[in-house]
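Next come two complexes built around chain A: one with chain B, the other with chain C.
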Partner chain A sequence: MSYMKALKCRECGKEYAKEALHVCELCFGPLEVIYEYDKIKEVLTREIIEKRAPNMWRYRELLPLDNEPSVGAQVGFTPLVRAHNLGKALGLKELYIKNDAVNFPTLSFKDRVVSVAISRARELGFKIVACASTGNLANSVAANAAACGMESYVFIPYDLEKTKIMGTIVYGATVVGIKGTYDEVNRLCSEIAGKYGWAFVNINIRPYYAEGSKTFGYEIAEQLGWKLPKNIIVPMAGGSLITKISKSFKEFIKLGFVEDTGTKVFGAQATGCSPIINAVKEGSELIRPVKPNTIAKSLAIGNPADGYYSAKVMRESGGWGESVTDEEIISAMKLLAETEGIFAETAGGVTLGVTKKLIEQGRINKDESVVVCVTGNGLKTQEALNGHLSEPTIINSRLSEFEDLVKANGKEYVVKA
Partner chain B sequence: MKKRVYLTYPKEQVKEPLLYHVAQLFKVVTNIRQASVSDKIGLVALELEGEPEAIENAIKYFIEKGVKVEPIELDIIE
Partner chain C sequence: MAIKVRIPTPLRKITNGSDEVAAEGCNISEVIENLETNYPGLKERICEADGKLRRFVNIYLNDEDIRFKKNLETELKENDEISIIPAIAGGKF
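Now for the complex of A and B:
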């Protein structure tokens, strides 16, 4: 049974049938899925959710599918880690890391959105799935398409490093490198999406795709014992995730699953690509596009589709936005790894680096609960750490050399008899 | 054919009647759906209607004038 009612324009409110549409014909505003919350309230309770399998589909009534999902059965319900060590380092009483670095199957939160997008695309009768991506989205589309036997196309700028596409080609996706400027590549992808009857997950399937991100927020609320955090820090690329986390909290409040305790939503970007943060700081509603220049490639979107709405979420929740330099990103990645044993991708460094800044600025109250969102795995962006980690010490295979090394490091260990 | 684009005018072009010129120079119908203009920047959501070649030429003209032309979906490459 589906509780998805229609698609609705976020700007003018015009409603559309649940088809492969993404912009309002009238005003070009983005379309969003709306649900029959009254009916959901009658059938869904916290107890029912708790009895279900630990994956993102435990919230299926709030996802935009007419039937059961047809791919990604194991996606989601990633750990919410109580970060005592990192909390101590930052002076926070109650810190959590929501860790999608271990999301299945491609180690980023994109598996949430892609499994919804592909399942919906199949319901709508599509045979080919596609996306334009240089990283996590490409990996996820290729893997999930392979898992359900669909053909997939991934479009990239032609000069992207080969190592970046290994994790996509391995799944059998057709990867097309397009020559031209970033803008030209963007325009061609939009044209292909318009001309061919394919499911472009982040274009014509976008309203459904984006809804998958809500599960990240639902899980946080449930894992906190059906409570909302007082502060949450979210990385922003196109800005969709932060708006959907906010939507997820609002839906849980509407359904009576959690109390409205006033969560402040904070956005994080890299200084080398911070169009949304710039708008927040200037108090402007206008998102001015920028040319990205940062090691946080997964957040490098110069003209974010949901920029305006993300800034609104931060403003209305009483949150704020900050950005961090490449140096600060690396230092935060190391801090997270060394204190909590979590190796996040560069975007995770952005989020933690920004959290640190917000605490220093007094914008986050140290006595309140704080959730830091980690959305991807560090193994995917290892090159960012080149030259920033200590080298291993090399010794000859003699015990005496090892003992000299221990001594040189100023250490002393108990020796077994 | 129809094509939907976002135009971002740089500061220097904000006061120029480029849409008028485009309609005069090429056989395209320009249909503004949303716009936001200040003295620093101009943003226009535009539908262009005409033959594919005329639309292509109109887009080239905008780019030559320093206007950023993007699909209505903005940045698609994630």
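Now for the complex of A and C:
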């Protein structure tokens, strides 16, 4: 049973059939999936959700599929970690990390959007899936396409982290590196999508794809004991995730699953690519595109598709946005790893670095609940840490050499006689 | 002033299939009015009722976004080239 009603233009409100469309033909606004919330309210309760398997499909009535998902049955329901150590370091009373660094199967939140997009693409009869990607999406499209036996084409900027390129090719995807930035890759993909008629998950399937991100927000609310956080900090590339987290909270309020306690939504970008943050700080509705230059490559989108709506979410929720430098990103990655044992990718360093800044600025109240969104795994962006970590000490396999080392480090331990 | 205007796919129904048309005008507003005279219905597709450019329509003058020039009042010179591009397709720097 599907509760997905239609596609609707976010700008002019014109409705369209549930097909592979993403732009309003009348005003060029983006299309969004709308649902029959009255009917969902009749059939879905917190108790029903709680009894279901721990994956993102426990919210399936709120996802844009006509039938059961056909790929990614185990995606989602990643840990919401109560971060006592990091909270102490930052002076926060109630801090949580939503950890999609351990999402299945490709260790980033993109598995959520891709399993929805590919399942929907198959419902619509597509045989080939494709994407324009900064890396994580590439990994996920390639893996999930392989899992359901589809052919996949992945288009990336040619200078991505090696791990992300290998982690795409290994699944048998055709990987095309474009000499240019993500924005140039995206532009080319729009042309290819028009000409070849493939399912580009983040272009012509975008309205369905983007809905998958809502599950990140649903899980946070459920894992907090059916409560919304007072503050949430979200990394932004194209800006889709932050708008969908906001939508997920609004939907849960509408369905009566949580109380509206006024969540402030904060956005995080790298200073080397912060078109949305710039607009928020200037109080402008216009997003001025930038040429990205940051180690946070997964966030390096200079012309964000959902930039306007992201800025609106921050503004209307009473939140704000900040950016951090490459040095601040690395130091935040290390802080998270050393305090909580969570190795996030560079984007996680952006989000935590920004959180720190917002606390220092007094924009986040230290006594309120705070959720930091970690969306990808540090093992994929290890090269960013080159030269920033200490080297292992090399010794011969002799106890005496180890003891010299302990002495040299100035430490004393109790030893058995 | 003769100006070249590139037309995106969704608007080509109005321009009888042409991907590039000629128009006249001293600034972007005048060009849009001139296009509307020759291709009725085109203006409402790219402009709001109050005449402002729709949010998800970008106009580039010789590869530069007019929002960062003088917007619809941006002046034009002979042989300038204008592109109308849906924002969702991605912009330029």
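Things worth noting here:
The rule we apply is simple: the second predicted complex is superposed on the first by the 398 of 417 C-alpha atoms of A that agree within 3 Å, B and C clash if a C-alpha of one lies under 4 Å from a C-alpha of the other, contacts with A are read in each partner's own complex, and residues count from 1 in each chain.
The definition used in the following text is that contacts are C-beta pairs under 8 Å (C-beta built on N, C-alpha and C of every residue); 3 or more make two chains touch, one makes a residue touch a chain.
The structure presented is a predicted model; accordingly, all values stated were derived computationally and were not measured.
Model built by superposing both complexes on chain A: chain B and chain C clash. Of the two partner chains placed around the shared chain by superposition, chain C is the only one that A:K291 touches, whereas chain B remains out of contact. By the document's definition of touching, of the two partners only chain B reaches A:P157; chain C does not. When the two complexes are overlaid on their common chain A, residue A:T134 makes contact with chain B while staying clear of chain C.
After overlaying the two complexes on the shared chain, residue contacts for A:C27 are found with chain B and with chain C alike. With both complexes placed on chain A, chain A has more residues touched by B than by the other of chain B and chain C. When the two structures are aligned on the shared chain, A:G302 is found in touch with chain B and with chain C. Of the two partner chains placed by superposition, A:P79 touches none, neither chain B nor chain C.
In the three-chain superposition model, chain A touches both chain B and chain C at residues 11, 22-23, 26-29, 183, 186-187, 190, 286, 288-289, 302-303, 305. Here chain C touches chain A in the complex through residues 9-10, 45, 54-57, 65, 67-68, 86-93, going by the rule given at the top.
Within the complex formed with chain B, the residues of chain A that make contact are 11, 22-23, 26-29, 131-137, 155-157, 182-183, 185-187, 189-191, 193, 200, 202-203, 206, 237-238, 286, 288-289, 298, 301-305.
The residues of chain B lying in touch with chain A in their complex are 4, 8, 33-34, 36, 38, 41, 43, 45, 47, 68-78.
Against chain C, in their complex, chain A makes its touches with residues 11, 22-30, 183-184, 186-187, 190, 194, 285-286, 288-291, 302-303, 305, 308.
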